[in-house]
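Each of the next two complexes has chain A plus one more chain, namely chain B in the first and chain C in the second.
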Partner chain A sequence: MQYLVDQIVSGIAVGAIYGLIAMGLALIYKSTGLANFAQGEMAMLIAYIAWTLAGLMPGHPWLVVGGALVASVVLGLAIERLIMRPMLGEPVFATVMVTIALAVILRAGAMLIWDPYPHALDIGIGRGVVMLGATGLREAQLAAILTLMAALAGFWAFFRYSRIGKAMRAVAADSRAAQLMGISAARIHAIAWTASAVIAGLAGIFFALLYDVSPNLYHVGLKSFPATILGGLDSVLGSGFGGVLIGVAENLAGGYLASSIKEIAGFIVIIAVLMIRPFGLFGERDIERV
Partner chain B sequence: MRSGHFKESIPGLIMLSDSVPVWVWSGLLLVALALAPYAMNAYALSFLILILITGTGALGLHVLTGCTGLISLGHVGFLLLGAYAYAVPVAKFGLPPLLGFFFAGAVPALAGLVVGLPSLRLKGLYLAITTLAFAFIISHLIIEMSWLTDGTRGITVPRPRLLGLDFDSDARFANLCLLVAVLTLFAVLNLGRSRVGRALIAVRDNDIAARAMGINLEAYKLKAFLTSAFVTGIAGALFGIYLSFVSIEGFPFLMSIEALAILIVGGLGSALGTVLGTVFIVLLPEASRIAFGLLGSQAERLFSLGAHEIRSVLYGVVIILFLRFEPRGLLGLWHDVRRLWVNWPLRY
Partner chain C sequence: MNAGTLEIRNLQVIYGGAIEAVRDVSLKVEPKQIVALLGANGAGKSTLLKALSGVLDDEEGTIESGAITFDGHDLAGLKPVDIVHRGIVQVPEGRRLFPSLTVDENLDMGGFAATPAQLTERRTVVFELFPRLAERRKQIAGYLSGGEQQMVAIGRALMGGPRVLALDEPSLGLAPIVIDLIYDIVRRLNRDLGVTVLLVEQNAQRALGLASYGYIIERGRIVLDGPSARLVGNADVREFYLGVTGADRKSLREVKHYKRRKRWLS
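And now, the complex of A and B:
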């Protein structure tokens, strides 16, 4: 029984990271209508930047995190302005290929700039163990779960009450009508890319704290695809929940079946979900079937 | 351009080419490619073989993505399946290589049917994600089924002996690859002239209209997956033989990206463009290596250290640049050049 609880709890913790990245994916899909295949690579890049900052400023954990978040804002804005905005209005194939190309460039670029070996991100926090009943939980795991919950609540309120959130929903529903109402779609896109870069960066830092910084961090991005497909590609909050479900499913598959099933559990879920309910658990938009 | 040149029959209209010079030059190119391996040094020969094998695989993806408009990120999975479907019967059980080639086509084709099933319901993005998942599942399955595939250790594959002919030297093997590549090119070109090919193009351009015209979408999408996987599997088998060693590491995920880069660089939807794109993409790392060499030995050392990474970055940059500035690809450039050549000094 304790084993089951341990598996589920650590599944929720890693699922929170998938969920954060998946929320970024859904945010970009919702506002711009394209899937960003470079989401995991963005998380990887921010984790590397945090690692470099941690080497430069030992003993200032909050400076490191703050610097990394500033870097992620810059990254999100730069990608949107330099690469994605010129592709506005191009067919889906072209924009998807651009994000895939971006993913390949970021992945290889990180290996060229830094090195292909794993490093521990040690900023002096997040290493302690918190006991919840009989289950031990590392501080970084707890922080990831709390961040996901804060992000879920924050996005719920953002979409419901804030002016920009409502504008974002309007652009997602019908970008031309939204533009006629005086909303700048380009600015909404820029905000979506920035916000998703920031939450991807947070997820990258949490992952690096829990495991290590290595180029394989982009796998987290690949695993967040199942999360967002499960939750609904156009549902930001659903994607967050989807991440937790995928994390738990993966850990249970790894704990009770075989460790190699763990790696592909998410992908099997993708195929099952797409066959049965292609718009996900919380997604609204029905996919056009022909 | 050839004005006053009217077609009066359907066969004349859909001929591959009605120009005698095109046929003569293509024939001469074919003869030159068949004889070149015996005159080339080993280094140049390796590029020729790579171009031929990559071209075959890219034509496989062309049938699916270029003709039918279904995005696949999982073609490396078909390559892997083809390589293993050849290596396991031939190298482990000693079956004749011809049978191995049959398996190399048939096994991925069956897998293509399985992957194709979701495509009946999904489009664009969702299909890309499904095929991506397929590629990962395949490579994990191959590691899992180690009783059959030797898992991560890989299988050593000998050069084949087909119909009494030995293909043990690189030059002979290049001829085999040339034969396969030319047959594939002909098959793909002829596909475009046939009822099936036109149906596939109709599905790509507008699937609802295609269905209204009486095209059975399910059947044609599955046919596209089947054909594409078959051709890609053969290319995978050839690649495995060329490496003389089949393992998961020999087929990195980058190969899927490379194939898509070929289609985009060449010009999406054209077999000729795919050939041009293959030559460009295969020679790109070498060309940039030479360019780095001109910058000095320091730059060249850097290049040799991160060869795989620099190749990835190059593919990515090339994809973005072509999509941004020349979506018609190299074929579009070639058409521009041809028009300029014919019409100069007039503009049109």
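And now, the complex of A and C:
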């Protein structure tokens, strides 16, 4: 029984990391109509930057995290302004290819700038163990879960109450009409990319604290795809929950069946779910009557 | 230049570098006037409004020549946002609400650039004009009836505080009784709120009943213009646009050589 609980709790923790990255994916998809194949690579790059900062500023964990988040803001803005905005109006396929190219470049770039070996991200926090009843959790695991919860609540309120959040939904629904209302789609896209890079960066840092920093960190991005498809590609909150479901399913499959099934468990779950709900668990069905 | 005058001079719009949708169109809307722009399918009416709002770009449309001025300032080349800020707001063809947003949220988006105080004030005006929207404010816009959606579309545009409201076929797909209601609202916002209106329609009968001046566009060209009363009395307009049948002729252009008043060329 304790084994089951342990598996579920650590599944939720790793699922929270998938969920954060998946929320970023859904955010970009929702506001720009694009699947960003470089989401995991963005997380990887920020984790590397955190690792470098940790080497430069030992003993200042919050400066390291803060610096890495500033870097992710810059990264998000730069990708939108320099790469995605010039692609506006080009066919979706071409634009998605550009994100794939970006992914490859970021991966290769990390190996060039840093090296292909795994490194531990040690900032002096995140490794301690917190006991929740009989279940032990590392601080970084708990932080990932709490961050996901904060992100879910934050985005929920953002979309519902804030002017920019509502404008983001409007651009997603009809970007031409939004333009006619004086909403600048470019500005909305920039905000989406920035927010998405920040949550991907946080996920990257949590992952690096729990495991390590290596070019393979982009693999968490691969897990975020089933998460967001499960939750609904256009549903930011659904994608967060989708991540948790994938994390738990993976851990249970790995713990009870075979470790070889663990890697594909998430994909099996989405095939099953999509057969029943093709638009994902929380995705919006198109409103036909317009 | 007259404050609040909208002028289009010798406008030419081309799509994709090849298709000429608007050709040498000149048109003038004086402050507080209602002007009708009438024409059949594909005449170039929506293209003209897209040029006015600065949204030709995403369809590969370009203004090849001519000018659009408001208050004497050139609008061509401005971003859609800036055009809205100058007070020109469009209610697009087919309404184009944000279907997954509520009525209230749609209205908020219309007033995206407005201050909170302006939003409150304008929303009160919109709900006075359309009491039905006040009842439906929390509902998802995509599930409203066609007439209600048109009300939201007009209300949303009003939230932007327009000086000129451009309506693209507001009667499209609506029952006659609903069209009456919409037209009545347009009359009121012109008369009571002093909003200038450029009304694009295929339905000449109704549009000329509301507007004081009308232009008729065919295949991208203005073929006739004049005060509504004169257009309504014109035999050819009666034949082609008011459904009063006569001889077997195809279009105004083939009928007579209207001496177009070259007001902008002189």
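Following the convention adopted for this analysis, the second predicted complex is superposed on the first by the 277 of 290 C-alpha atoms of A that agree within 3 Å, B and C clash if a C-alpha of one lies under 4 Å from a C-alpha of the other, contacts with A are read in each partner's own complex, and residues count from 1 in each chain.
Just so it is clear, a residue touches a chain if its C-beta (ideal position, glycine included) is under 8 Å from a C-beta of that chain, and two chains touch if they have at least 3 such contacts.
Please read these numbers as outputs of a predicted model, since none were measured by experiment.
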Would you check which partner chain A:Ile270 touches, where first means chain B only, second means chain C only, and both and neither mean what they say? first
A:Leu77 in the overlay: touching chain B, chain C, both, or neither? Say first, second, both or neither. neither
Contacts of A:Leu180 with chain B and chain C, given as first, second, both or neither: second
Go through the superposed model and pick first if A:Leu252 touches only chain B, second if only chain C, both, or neither. neither
Examine A:Leu63 and indicate which partner it touches, taking first as chain B and second as chain C; both and neither are also allowed. neither
Figure out whether A:Gly109 sits in contact with chain B (first) or chain C (second), or with both, or with neither. first
Based on the superposed arrangement, let me know which partner A:Leu281 touches: chain B (first), chain C (second), both, or neither? neither
Can A:Ile125 be said to touch chain B (first), chain C (second), both, or neither? neither
Broader residue contact with chain A after superposition on the shared chain, chain B or chain C: B
On the A-aligned overlay, A:Ala170 touches which partner chain: chain B = first, chain C = second, or both, or neither? second
Mind sorting out which residues of chain A both chain B and chain C touch, each in its own complex? 287, 289-290
Help me check something: in the complex, which residues belonging to chain A touch chain C? 89, 163, 166-167, 169-170, 173-174, 176-184, 284, 287, 289-290
In their shared complex, at which residues does chain A touch chain B? 34-35, 83, 86-87, 90, 92-94, 96-98, 100-105, 107-109, 111-112, 222, 225-226, 229, 233, 260, 263-264, 267-268, 270-271, 274-275, 278, 287-290
Chain C to chain A touching residues, read off their complex: 53, 55, 57-58, 79-81, 84-85, 89-90, 92, 94-101, 105-106, 108-110, 112-113, 140, 142-143, 149, 156, 160
Of all residues in chain B, which touch chain A in the complex? 69, 71, 73, 117-118, 121-126, 128-130, 132-134, 136-137, 140, 143-144, 207-208, 211, 217, 254, 257, 260-261, 264, 268, 306, 308-313, 315-317, 319-320, 323-324, 327
